[in-house]
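As written, the chain order gives the labels A, B, C, D and E, with residue 1 at the start of each chain.
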Amino acid sequence: MPRTGVFICHCGTNIAGTVDIDKTVEASRNFPGVVHADEYRYLCSEMGQDIITKAIKENDLDRVVVGTCSPRMHENTFRKAAAEAGLNPYLLEVANIREHCSWVHKDMEEATPKAIALLRAAAAKAALNEALEAPRLDVEKRALVIGGGIAGIQAALDIAEAGYEVDIVEKDPSIGGRMAQLEKTFPTLDCSACILTPKMVEAAQHPNINLLTYSEVDEVKGFVGQFDVKIRQKARYVDPVKCTGCGICWEKCPSKAPSEFEMGLSKRKSIYVPFAQAVPMVPVIDRDSCLYFRKGRCQICEKECPPQAIDYEQQDEIIERRYGAIVVATGFDQLDPTIYGEYGYGQHPDILTGLEFERIFNASGPTGGKVVKLSDGKPPKKVVFIQCIGSRDKARGMNYCSKICCMYTAKQAILLKEKVPDAKSYVFYIDVRTGGKGYEEFQRRAAEEHDVAYMRGQVGKIFPEDDHLVVRGIDSLTNRNIEIKADMVVLAAATVARGDAPELGRLVGINSDSYHFFNEAHPKLKPVETHTAGIFIAGACQAPKDIPETVSQASAAAVKAIGLLSKEKLQGEACTAEVIQSDCSGCLNCEAICPYTAITPVEIEERYKDGVLKRTVAEVNPALCQGCGSCAVTCRSGSINLKGFSNDQIMAEVDAICLQR
Amino acid sequence: MKKVIAREKLPELWKSLAAKGPLFLPIQEGPVVLFQPWSEGAEANLDAVNTAVSAKDVFLPREETYLQYRCSGNQLELIPVENAEPVIAFGVHPCDLKAVEMLDKVYLDQEPSDELYRQRREKTTVVGLSCREPDPFCFCNEFGINPADAPGADVMAHLKNGLVLLEARTDKGKALLDQAGDLLQDGSDEKFEAAEVKTADFGLNLEGLPENLKERFEDPVWDELYKSCLGCGVCTYVCPTCYCFDVEDFGHEGEGQRFRCWDSCMYGHFTDMAGGHNPRAGRKERVRQRFMHKLQYYPETFNEIACVGCGRCLRSCPVNLDIVQAIKALGGETVEQR
Amino acid sequence: MSAALNETAGGWEPLIVSFCCNWCSYAGGDLAGTSRMSYPVNVKVIRVPCSGRMNPMFVLRAFQRGADGVLVAGCHPGDCHYTSGNYQSRRRLSAFKRLVEFAGFEPERFEVRWISSSEGDKFAEEMTSITEKIKALGPNRKMRDARWQSVTSKV
Amino acid sequence: MTTETGKSRLIEDMKMHSGQDPNGCYQCGKCSAACPVSAALDLKPHQVLRYLQMGLENELAESKTPWVCASCFTCAARCPRDIDLARVMEGLRLSILRNRGGNKFGPAELTPEQLEKLPQQALVSGFRKYNK
Amino acid sequence: MAERNVESVNKVREAVSQDLLGGRIDLLLGWEKGHYWWQSRPLFARSEADLEKLAWDSFCAVNLSRYLLEELKDHDKVGVLVKGCDARAFNRLLQDNMVRREQVILYGLPCPGMLDYNRLVEKAGGAPLEITEENGRVIIKVGSGEQEAQRDDLLLDKCKDCRYPDPAVYDQLLFSPQGEKEVTERFKTVEELEEMSAEERFGYWEKELSRCLRCYACRQACPFCSCRECFVEQENPRWQGRAYQPSENFMFHLVRAYHGTGRCIDCGECERSCPVDIPLQELNRKLIKDINELYGDYEAGLDPEQEPPLLTYRPDDPAAFSEK
């Protein structure tokens, strides 16, 4: 039999005004196991807490029930008080007789029996409470950043500056990401490379940052504070230590392939760095196009390389490391607009996407920075921009707004006017969205000062005729059909999640929305956390966003990671699930429904007849378990139970609440 | 005393008898016939050869509260339970009644006897009912039981054409027939000649079987016999000679009751011990226990095999693992049959 | 026998047991209190971490022990503190609700609602509404174990 | 111009016939941009949807658009909001006819000869379509 | 019975004896005859002599897959004869990690449905002496002559609305498949019960469940009841009391059925095993019907790769309660 003490709070008149405290105390004395009952005006005050600690010591109490406000309010206060008296804090139960009783009922005759029922339930539960310990977990003082775009770079720099080691895993040969592909940034028209390159170099040179380019994450195991990650460093076929980045190899290389960095608008060599400011400035050999790998002869790069850094025998290398925190910053892709036949994308060289047009402006881009048509090399005089290609498209299951297109279209229209002064732009839009500092002003400048005609409407068909493209649209403000003979069409193709996002999400253990953008833990209050403790998200992998937002989110994620890494030990959840392995039949339904991958199969040995039988049962990792208890419900045999909210505790509460006295 | 009543008048008889206390009858309950208390509107079925569950429910109910308690402060109040009101069990076939005699040996003939059982047994008037046609599972002949007569009955009943013939054999029986009063007519002239009923011949030879089994606890036959057993409790619950029970409390802080209810040696928890040990942890041990109990332990104490050939386990076992199979496997089969 | 049906001197009053998830519905209940809303005293809340913790057996137990109605409340779909607990309970409890109705319970006896931590008003409304519906239905006798309220008065 | 706030019978009928909800439209105009007979329409398809949203049933009833529409389904194929405009137009036509009041023609107006010669199916669908 | 039967038994025997005697399997789970020709019991064959007893006829109702739970503890490789329902049971056990596929060889037996002795008696108006089957008809011989009946009218209840008579999984299919059957009455009783008022339904179940002996044959025969420790026997908490109270009857049967949500393969062994004929399958089928209606068609045991409906979800799932 437990020795339970019941303490009832008046909360001034908040409780005492509606609940008859004396009656409640008297009734509590008759609950099974109750050896002491008392009341006080403000139990949460220091005096009130003293009453509890004293009573625990004097009456040798091993369970405490407090009838007070909501446990969401003061459970911790009272648990601490109990702990002070040497009692395990989890042996205390709260009966919520304020928010759930005195404040919602007016009649003392009614509220008092209800308060007693709630207390009886709390006492019945407390009798079954067990002493619990929250696990204390080690923290590996190192962070992993997945993705080396501006979000990843920023997060890594912030974490590194706080004094922690960071590894950046980037799947491309260079860090830089999407931002490296941009010509200028809105609304200031800064040169993108000019502001990004110093950050890239800083990251590369930072003593706390370790760049793992041309690498991918293969496996993530473990949990907050102790993620065990396998990283595959793909073979570059170039020894990064010997390579000086002199460029002779890619100059001499005879074979070519479409450049990913240039969106396929131009070619690069088979041994290449993706762009001129690449970090690290170490080329990779693309096996698919390399003559040596395809046909077994050539080897020109090997012959020409002054420091003899070419190594055709190089193999993928698996790096296994432990990290305390992970920041996922894998960025976005651009929708391939060929799914819209009416826009003719892919069928004419002068129909481009926004990102492709971005490369046309760039001095190191496919046209050397000259804004010309890819079809005939002449500057375009009439350019039609079409918005919302694949965004806000319910019919194709992409309901969301890509957020950046309105602004970059305005930017591109301005840049166009600067490069081709006699050019005229037309923008077909549904709505212009310019939330952001200086954004509206910027867009208005485009419309008012740069000869950009904004047409509220959409385009129904584009087709080539003679040497131009006929664009048929509507202006819904005048309700006139519009036909424009354009030289070039730029499609603001939707910002979409990376194609491999679902796979990466599974690998890392975070979930996504229906568009495969990673989910934050709370849309308002936990914007960079995920549901998996210790894993944070930043940048466009979470949702479309522009550079300043991405950078702020990256810094926010970094701060969260730093906060985590700065802890000596982590306090885990005490109310975790627990498997009774002798009863567990090993069906592992619990594993299937656990949102935290906290349950894994484990093989145990059992005596059977004269020998030993091996069988599989479930095991809970208390460090990963967050205590939702869904496993305890999916387990038909009750072989997995939730500490603190166990089957017998809840049943005891039901029994007690239903007992009408 | 011999009486007679037309079958169509029986509902009136039931009504009259049930007025004084519970009247148990073979009652058609949906697709099955069960030995149950009669109530207005219930459909008695005297033609059923065997009820799905035996008549032992009357004497050893599946659930029986025998103690109640109430607590206040440090006081514990025990409240005795009056369980036995006069009961009539009407239509008990000879095999079932023979089985009750076997229960008597367990519960009454040993010291201390079982009070609850005694009370019920004494207050129960048994109306035996002769069998007319066996079903394929009946094999009571093997145990020397005459399906036409139940020697232990207070009243023996026979169905004959449209009549039920009733012969009181004990004082209790006479009292019962008296109780029915005018509903019954004199039957002194009726002839009670039940047809000879021949039950299934499975070719059993029970001679010396119990003695023979004494040394066969570790016999390899058990390694095979148990295999098909699913571990359910059908055989024990339909069996008229199984008599094990469990005790459980129901209650809360203030008050509660203690009751006993049927238990089955086929259940894994049957022999769970407080320390966690279970001497009959596997199905093999449990199957062996049941058959050894019927064929060796009971006979060793009471000089007869604890089976009456009612055939219920043959009919109800979902996988057809029954006592006849066990007897045969253990060598209780006539040689010619092999 | 009267005690067994929750009858008091003032006549029969239903007993409603409500299981609320800690993060949304229980907090919604707190908000109802903080906002001094009112709902019938018949409702008594048991706190569970998540609606995914709701074992249907708890519901049956409540009916056995004398509850006239049971209401499970959890976070709205998509808002689960544990990401998927309410998605899981939606399937489990939907199947279970249909099953208990099939067993002969009136649909109103067992309900599930999504109540967020900001919906104090909805909390109070739902609690009021289920109480009124159960009052209209009358006491629940189905599955009630008469032995619970008064074990010894049975004989 | 006034905005009708009450429920319009014509529009409710249209919704019933077409199963389409005009409120999903955000007026991007892609339907009108793609419509091959756009030039011949007094109300462009996106305007029709806007008028439906605004409840302007008289204007719709008088518009030529539903009758010029060729049901080519280009609008439906282009619509990013998954609204089947061709159905909307058909729904409008049906609703307008039925709301006009009076039967266009009935069996009594047909000669016995016509009744005999016309296929049964054509008669039934004709009555169904053109009768109130 | 006669030749066709002998022929098919021989075919089965031939197929399995190669594997058993050749050491490919250590044990064969099959059927042998019981005391009567219309009874069968499980056969645990390890030798040629054992195989002599092998039976495959219209009375092999017992689902053998469940025996794997025990037999795989003692044997490395076990062969099992599987009808449609037995194969689904196997998949069910596979999904619950109760068996390992590589430890079992399944001999598939497309199943024409098993016959019910009581129906034979009913149809023949007396104890049948033997039967002959021909083209979907059964000739029942009784003392007084012969009776002919449609085979479909003589099926066990559990076989009447069997949709998948062919094994969904096997290593070797011993006869040509029957094909998926169209069933129209599978949910008929469920629907009839749904039509009733709550009060009537409760009355129906109270009466039906009142017969329950708590023998747990339904559980023990069931391929989804594979727990080592059933909730019924647990002490902490005591979910299920032993008393024969209506409330305890409901507790057991509702929870038993609920535990089969999305897991019940509809083999009907529960109902067949029940000594007091409680219509247990209707509870199971109610859940099958609802799950299919709410969360899409799912037939447990057909495809072990398909996620059982209670182990997954979609964010836009419907609910059986108001989600406002």
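Everything below uses one rule, namely that contacts are C-beta pairs under 8 Å (C-beta built on N, C-alpha and C of every residue); 3 or more make two chains touch, one makes a residue touch a chain.
Computed from a prediction, not measured in an experiment: that's the story for all the values here.
Counted as hops between touching chains, the shortest connection from chain C to chain E is 1. Contact tally for A-D versus A-C: the pair with more C-beta pairs in contact is A-C.
The chain with its Cα centroid farthest from the Cα centroid of chain D is B. Look at where the CA atoms of chain A average out and do the same for chain C: the two points lie 36 Å apart. Work out the mean CA point of chain B and of chain E, and you get 30 Å between them. Centre-to-centre spacing of chain B and chain C amounts to 44 Å, using the average Cα coordinate of each chain.
Centre-to-centre spacing of chain A and chain E amounts to 47 Å, using the average Cα coordinate of each chain. The multi-chain contact residues of chain E, meaning those touching 2 or more other chains, are 231, 239, 243, 310, 315. Within chain D, contacts with two or more other chains are made by no residue at all. Multi-chain contact residues of chain A (touching two or more other chains): 593, 634, 647, 651, 655, 659.
Touching pairs of chains, sorted by label, consist of A-B, A-C, A-D, A-E, B-C, B-E, C-E. Against chain D, the residues of chain A that register as touching in their complex are 342, 388, 392-396, 430-431, 456-461, 472-476, 479, 481-482. Within the complex, the chain C residues that touch chain A are 3, 6, 15, 17, 22, 26-27, 29-30, 32-34, 36-39, 41, 44-50, 52-55, 58, 61-62, 65-67, 81-85, 88-89, 92, 124, 148-149. Note for the complex: chain C touches chain B at residues 147-148, 150-152, 155.
Per the touch definition, chain C reaches chain E in the complex via residues 56-57, 60-61, 63-64, 77-78, 84, 87-88, 90-107, 111-114, 142-145, 147. Across the complex, chain B meets chain A through its residues 252-253.
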